[in-house]
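Remarks on the structure that follows.
Chain lettering (A, B, C and D) follows the sequence in which the chains are written, and residue indices restart at 1 in each chain.
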Amino acid sequence: MTAYGKKTWLIPDTYLNSVSKNGNISHEAICVINTSDVDADIRFTFFFEDRDARTDFSSFCPAMRTHHIRMDRLRNADGEPIPRDVPYAVLVESNTPIVVQYSRLDTSAPEMALMTTIAYPVED
Amino acid sequence: MTAYGKKTWLIPDTYLNSVSKNGNISHEAICVINTSDVDADIRFTFFFEDRDARTDFSSFCPAMRTHHIRMDRLRNADGEPIPRDVPYAVLVESNTPIVVQYSRLDTSAPEMALMTTIAYPVED
Amino acid sequence: MTAYGKKTWLIPDTYLNSVSKNGNISHEAICVINTSDVDADIRFTFFFEDRDARTDFSSFCPAMRTHHIRMDRLRNADGEPIPRDVPYAVLVESNTPIVVQYSRLDTSAPEMALMTTIAYPVED
Amino acid sequence: MTAYGKKTWLIPDTYLNSVSKNGNISHEAICVINTSDVDADIRFTFFFEDRDARTDFSSFCPAMRTHHIRMDRLRNADGEPIPRDVPYAVLVESNTPIVVQYSRLDTSAPEMALMTTIAYPVED
């Protein structure tokens, strides 16, 4: 199948809320679709407001699959999670074209709030 | 009228929640506008995290009409619905240019949450 | 100032909910920014699922102003409102470049739900 | 690192709600990512429905950092905040390429509502 999308995407507004007040845990997902014949190796760079950028987190999306990457479950090689309750931003880089959508579910109040947007694609 | 839009669109974050706790059923809609003089035949390819892609679902949008395609009501030729509670992603292909917007309404908590985004268009 | 944006925009998912259960009325807004030196005359074409398109609604945005066009308050020359509880879609056409964002506030459940997206721009 | 993004962005639908009914204050954030080696000086132009545009607010985003600019906390040189409960729109201009996402959290009802979108980028 045609490899749709781009290899580089940016998401300026990411934030992992540590508070959940209903059965659905507050979380973010970086959702990837890979229509190419090649498995996607996905490297993240996290940008912060008050500290240096980090490049120690990565993920993947197999060929002809989707992966809704749960950022609250992601761990680096040392088993560390992404910091909670801290504004950050994400650069997504892949070896093969992908399409990226960012969604957030917040249950810090008992009811659910949702937001989503297609990420910003960089032209090759 | 000018046929606005593109023939190919992608939506990385789709998910049909099986739980509804108010009169509005949790659902997704793939909303299409067709400003061309030709009826749009719309083919879906669904991508999953843990199984092969499926191409057995389709829909339509007549010329000079909109169609808010309710994914919870969509059935394939065998009368099967889209799997619930499973992350998936959608490739939308049309024979004529269309514009595509994806929206989700979630009532798994008693109150409503909404999210929407224009889908990702593929340049011809 | 530079006239930023495009003259033609599309919004596939529009819907005016007739039900409101808190002080904020359920509504949609087509939000326009006009950075040009010319007042924008804005023509709408509404597309439906089950009837012909309508071109009897219009609005405006003065030069160097914004206009958050409340679709629930919009009236045509005969004083008629947009139909409620009916899926529709909107083509927005302006005589001068503008940028368009679509937002919906739903209070059909007592709490508020919000969604927004930049509309789809047509390259000139 | 490559300086991703554009220098000019627009957000047609901005609105600072003065009412908050839970611990999270109703607010907007203009979220910026700066992958360039140069600190970003960010100038805002605010457009209104019923008064002249204002250029007396600005912000920043250091090189290789993000800044989730809280519009409810922003002050001009005279210590004035952005007007509340008034529809406005924002032109964002930077000296170096950035990517911009706009998000709103509303707690004017006791529960939270969220919405987000990547802003509209102007091609250089």
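We take it that a contact is a pair of C-beta atoms (placed from the backbone, for glycine too) under 8 Å apart; a residue touches a chain by one contact, two chains touch by 3 or more.
Quantities reported herein were computed from a predicted structural model and do not represent experimental measurements.
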>> Are the interface residues of chain C and chain D largely the same numbers on each copy, more than half shared, or largely different?
In response: different
>> On C-alpha atoms alone, could you tell me the rotation angle mapping chain B onto chain C? Nearest 5 degrees is fine.
In response: 90
> Just how far, in Å, is the C-alpha centre of chain D from the one of chain C?
Replying inline: 22
>> Roughly how far is chain B from chain D, centre to centre by C-alpha average, rounded to an integer in Å?
In response: 31
> In chain B, what residues contact two or more other chains?
Replying inline: 110-111, 113-118
> What residues of chain D sit close enough to touch chain C in their complex?
Replying inline: 8, 10-13, 15, 47-49, 52-53, 87-89, 91, 104, 106, 108-111, 113-120, 122
>> Quick check on the complex: what are the chain A residues that touch chain B?
In response: 4-5, 22, 24, 29, 31-35, 64-68, 99-101, 103, 105, 107, 110-118, 121
